[in-house]
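Right, one structure below, let's go through it.
Note that the chains are named A, B, C and D in the order they appear, and that numbering of residues resets to 1 at the start of each chain.
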Amino acid sequence: MTGERRRCAVLGAGGYIGQHFVRLLADHPWFDPVELVSGERTEGRRLEEVWLLAEPVPPALARVRLRGRTAASLAASGVELAFSALPAGVAGPRETALARRGIAVFSNAADHRREPSVPLLVPEVNAAHLALAARRPRGTAPIITNPNCSATGLALALAPIAPLLRPKTIAVSTYQALSGAGYPGVASLAITDNVVPYIPREEDKLAQETAHILGTLAGGRVRPHPARILAQCVRVGVREGHLESVTVEASRRSGGPEVTAAWRRFDPLGDLGLPTAPRPPIEVRTGEDRPQPLHDRWAGAPARARGMAAVVGRVRWDPPFLRFFVLSHNAVRGGAGGSVLNAELAVAKGLLDRPRGDR
Amino acid sequence: MTGERRRCAVLGAGGYIGQHFVRLLADHPWFDPVELVSGERTEGRRLEEVWLLAEPVPPALARVRLRGRTAASLAASGVELAFSALPAGVAGPRETALARRGIAVFSNAADHRREPSVPLLVPEVNAAHLALAARRPRGTAPIITNPNCSATGLALALAPIAPLLRPKTIAVSTYQALSGAGYPGVASLAITDNVVPYIPREEDKLAQETAHILGTLAGGRVRPHPARILAQCVRVGVREGHLESVTVEASRRSGGPEVTAAWRRFDPLGDLGLPTAPRPPIEVRTGEDRPQPLHDRWAGAPARARGMAAVVGRVRWDPPFLRFFVLSHNAVRGGAGGSVLNAELAVAKGLLDRPRGDR
Amino acid sequence: MTGERRRCAVLGAGGYIGQHFVRLLADHPWFDPVELVSGERTEGRRLEEVWLLAEPVPPALARVRLRGRTAASLAASGVELAFSALPAGVAGPRETALARRGIAVFSNAADHRREPSVPLLVPEVNAAHLALAARRPRGTAPIITNPNCSATGLALALAPIAPLLRPKTIAVSTYQALSGAGYPGVASLAITDNVVPYIPREEDKLAQETAHILGTLAGGRVRPHPARILAQCVRVGVREGHLESVTVEASRRSGGPEVTAAWRRFDPLGDLGLPTAPRPPIEVRTGEDRPQPLHDRWAGAPARARGMAAVVGRVRWDPPFLRFFVLSHNAVRGGAGGSVLNAELAVAKGLLDRPRGDR
Amino acid sequence: MTGERRRCAVLGAGGYIGQHFVRLLADHPWFDPVELVSGERTEGRRLEEVWLLAEPVPPALARVRLRGRTAASLAASGVELAFSALPAGVAGPRETALARRGIAVFSNAADHRREPSVPLLVPEVNAAHLALAARRPRGTAPIITNPNCSATGLALALAPIAPLLRPKTIAVSTYQALSGAGYPGVASLAITDNVVPYIPREEDKLAQETAHILGTLAGGRVRPHPARILAQCVRVGVREGHLESVTVEASRRSGGPEVTAAWRRFDPLGDLGLPTAPRPPIEVRTGEDRPQPLHDRWAGAPARARGMAAVVGRVRWDPPFLRFFVLSHNAVRGGAGGSVLNAELAVAKGLLDRPRGDR
């Protein structure tokens, strides 16, 4: 990689995930968010005027205006990467157009996740799947996606222990934060003094994407992990941080006692030097009442990787069943941060280094 | 039963469950709450001054003063039944003293639940367990308990469908309301913008009590249901109403399609005329996002049985797995209302009709 | 009035205030909600499918479908009254069209509130203003409005004491419930762990409408009360019930000690027999920490008038300053219930009894 | 001041404000928190085990054990300063004992605030009041207090504008955060879906302390500011950050248009180099819906002064009335941070430099 920061655009910078992208990229050593692209609602307004997050607006970008931009104009202005927080439906054609213009897309949207040439990536878990991008149409830049916010945490937690337990069945019930629905998202009258046991399409995504990420690449295709994943997804009145209650039925009666050590040892990206990679990617809490969204959602070191670690706790092994909780920051690890880390991996693996004309 | 209301006491009337007892008994056709007994914090104060519930204080009792009372003085004043919302630890000896004085105890406390002569009762599920009370010490009145608030809803939901599915494993994750911890209970700073994946001793109670209630009585003992119940219990920022996410692994691949009909058909107390019995005891919601605490916690008809029905929804059968949610009002069905219904059952079964001298 | 219930329509029955109208009218002795009219979002759906309130859907109307209806078709189907919960902007022309068709409109919307022939009414305070309706265009039915939800509670609290204090200045700061913004209204991410010191146009409405309601009718016009009303309006994370902190500077140094008695004595509608009128309209709480939304929002007797009383408390007189809090249910007293009471007053005063042709 | 950090103790380190002290002092350039002192509930436990804040536990202190310590033992171990977050009632005698041992006390507790030799200090407002400490008993160290959390924000906001407006009357209604009551503090059942218009003794403190801080020192005594301050204090379901709605009646009809400039210009500590002093101490927000606790409570630059600035907004001048909102972080600016800044001021003014024997 070069000493210069690559020019990048944030798509959907008026929204909740889009602003987490902006926050993460504002002083990123490799990427320079030169374009904040938004839809009509926020177009023309300054970032500080539409800022939604509790974290402060990045001072250097506070007065930048959000703009509507075409793929062509972004390409013309030298943008190399686009981070996409576009809504489902809108994202698909926009991202395709960018890729055709040679702009690599790192997307939080679901639209392209199931395509054979689009890696669905959690770098610590399935970096090898990046190879799928080679199957993309000639002359286009890659599109690389991060998974659904609840799948990310589950995949991270399962990755190091699946080899030990060979899970047959995984029952997972979620406690998902409000920000998972974006802004304005969940109406306050729908959730105050309430929880809602339904999130559209979420349970299928959680099951299928987790199995996909834990799957194996063979013959240019991903064979999903064979475990039966049974999800029930619930919205709770928490701002940020998805908690998941996990009950695994192992196909082996050994392995349970080693899971904590396996989580602690887990550090597959150790030597790559990715700026946003948390070290360790999984933090194990021993307090009897952890993890909790309020206290653990910002886990992750070094400072740039705040909110990037998954946190596990309350681990109990009753052979052949393992129970635990996992928490991850839905908008960081399970959203903007996931795609930033994907982009860092892509850079580190040289995926973005091919000569322009070859895209 | 007689035309007169039986004189009863509410123990712990200064607390949250105690006040639900008071609310339910204020105009009860069979029971007359002549004594509101409390601990030091509220002793001597009028009910209206210490009222905690969002529901209005019963007008007829609003100005009654809470009092400290001994078992002897309650017996002397002609109290026949005591409804106990005493805290764990305190409840045990106090309830024993009352029973020795011939006062039948209907308790929400856990202290006596595991004793061989103390029925742990959900009338629609295991009314037959009432027979255990015959094993109590001669000359004492019975002590009858309602289960833990989360066990009640789960047992109700499983009772009609267990014969169809013969569950092998039941994974349950809970979304438990603040009032489950009593008052003052959970600190607002602990739960605002948070959920807490730990409730002391709750998971064991939920598993063991559910298996016990679904168990069979043989030779004067209860043999628990053999299913493996794996619970994870979580506190959420909801005032009232425990939601539970349930994943059942059946030992049969048939049965699943019939569960909804079985729930709808379930009405084992149909002809007993218990005033607080909900008809039906289980309500099935077909809305895609139900049950929800805000909308469904007060389910139960007729009016006196508000909050006494369990509500199930989001039923999905993927053989051999059944997933669903069940909601029940923790402080009513899973607390005060449960014991009121137990007392009604005891009256209807003649358990309280034996001559005084025989107790 | 006749033995038959008058046929009425609820406009905006898919929304939050509209459903409070439906709830209040479902078994109303004078009005029969034969038409539930809604916009596109909910048109064609059954009331139970779109029900938003925590209170249960009225059983008799649960399966009624919401429909789009014109003024002509409502008139043709014999509708005499329309209760309007239409959004601002939409309400104006729709309500005018209904009035032209001879359908009397009782509206929660602000669109017509400032018109000289449209009474802005709180029956206990300014029933005399009903006379303004006589100035409406010949051949039309009257349009009668209830005030802004925060103005209603303030006007009620001030009405009995203004003659005692002759207020010069009234500083009011509000704690307004989420439902004041309708549904979906306030985004959960905007209000969780937050309060928002801004509600568009609310402060002007609160000041101007309160002065208007407390004003005097002379020469066919309302002369506003001369007190300076200084409002600051804040949204808080409460479902229902607007609390207001009021500091009055009196122009007299006597009067303060009598305010509580004046509130208790206040009962101007005493003999009219309006079904939804609370008796008393103002309840005075003496508890040191009252009124509170959770405990006091449903104040009002008899049962039909639940949520219709204003509740005052924490009254302190430091001459010439009076401080107190007032709470009223924004969606009932300050919304649907206000207009239902207005309609009852109109019926009782014979305003709706003129022969059809004369409208 | 010297290059070495002064040894200090935090009293009440197991509580909410105490932990904010620990957080602020962990890497403080002048003070070294060598003793974390706590009561019985947390004595002997590691800081990380009892950590209550959403902000992370300072890594360097995470494994330090809280201890019970006497004034004598603290003095013997070379502690020069004590930061006190002790509860009212407990604080008084403990702090006196420390002062007698020569340990300067910087306290958040109210016990000593009204004593003639104890400065009640907001450094930007009344640094001159520090002189009162000279009146303390010979041979003792000074006790210096920060005001009540709601008085701090109000005093800061009024200080620069009082000379312009010469306020006659100040009506203030508060929106106070949960953490103002410490931990466990407010019960979740008391505040969920609710606000509580009562905080014991708060209104008097807010009025009297604000007048005192804005008062003038003459003849060794403080003459309070003559404005009439009328407070109504309300608890809301926000974690941190007290919002206050302020209506000032000025005695001059000019001055209003200059208040914003006066706030912006205000920087009385400019050249002292206090590490925790915010620059500027008052931030003016122009957004129509600001300040908000969620977005503005951590205002204050540089990084060490996060949460130390007061934020004002929604400024409206209707002569002779000025309305605005002010927000300040109750636990930082109005608590631990206030006393840390007081200690810095005391150091800068040489108050702690007298030879030991002279205390």
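In this section, contacts are C-beta pairs under 8 Å (C-beta built on N, C-alpha and C of every residue); 3 or more make two chains touch, one makes a residue touch a chain.
The shown structure was predicted, so the numbers you read here are calculated from the model rather than taken from an experiment.
Participant: Comparing B-C against A-B, which pair counts more contacting C-beta pairs?
Facilitator: Top pair by contacting C-beta pairs is A-B.
Participant: Let me check something: if the centre of a chain is the mean of its CA atoms, which chain is farthest from chain D?
Facilitator: B
Participant: Please compute the C-alpha centroid of chain A, do the same for chain B, then give the distance between them in whole Å.
Facilitator: Averaging C-alpha atoms per chain gives centres 43 Å apart.
Participant: Measuring centre to centre with CA averages, how many angstrom lie between chain A and chain C?
Facilitator: 48
Participant: Just the number, please: Cα centre separation of chain B and chain C in whole Å.
Facilitator: 41
Participant: Provide the list of chain C residues touching at least two other chains, using ranges where the numbers run on.
Facilitator: Expected reply: 192-193, 237-239, 294-295.
Participant: Can you list the chain D residues touching chain B in their complex?
Facilitator: The contact residues of chain D facing chain B are 16, 52, 178-179, 183-193, 237-239.
Participant: For the complex, which residues does chain C have touching chain B?
Facilitator: Listed in rising order, the residues of chain C that touch chain B are 49, 51, 54, 56, 192-193, 287, 294-295, 298.
Participant: Where on chain D is chain C touching in the complex?
Facilitator: Per the touch definition, chain D meets chain C at residues 169, 171, 173, 175, 193-198, 228, 230, 232, 234, 236-239, 243, 245, 247, 249, 288-295, 313-314, 318, 321, 323, 325.
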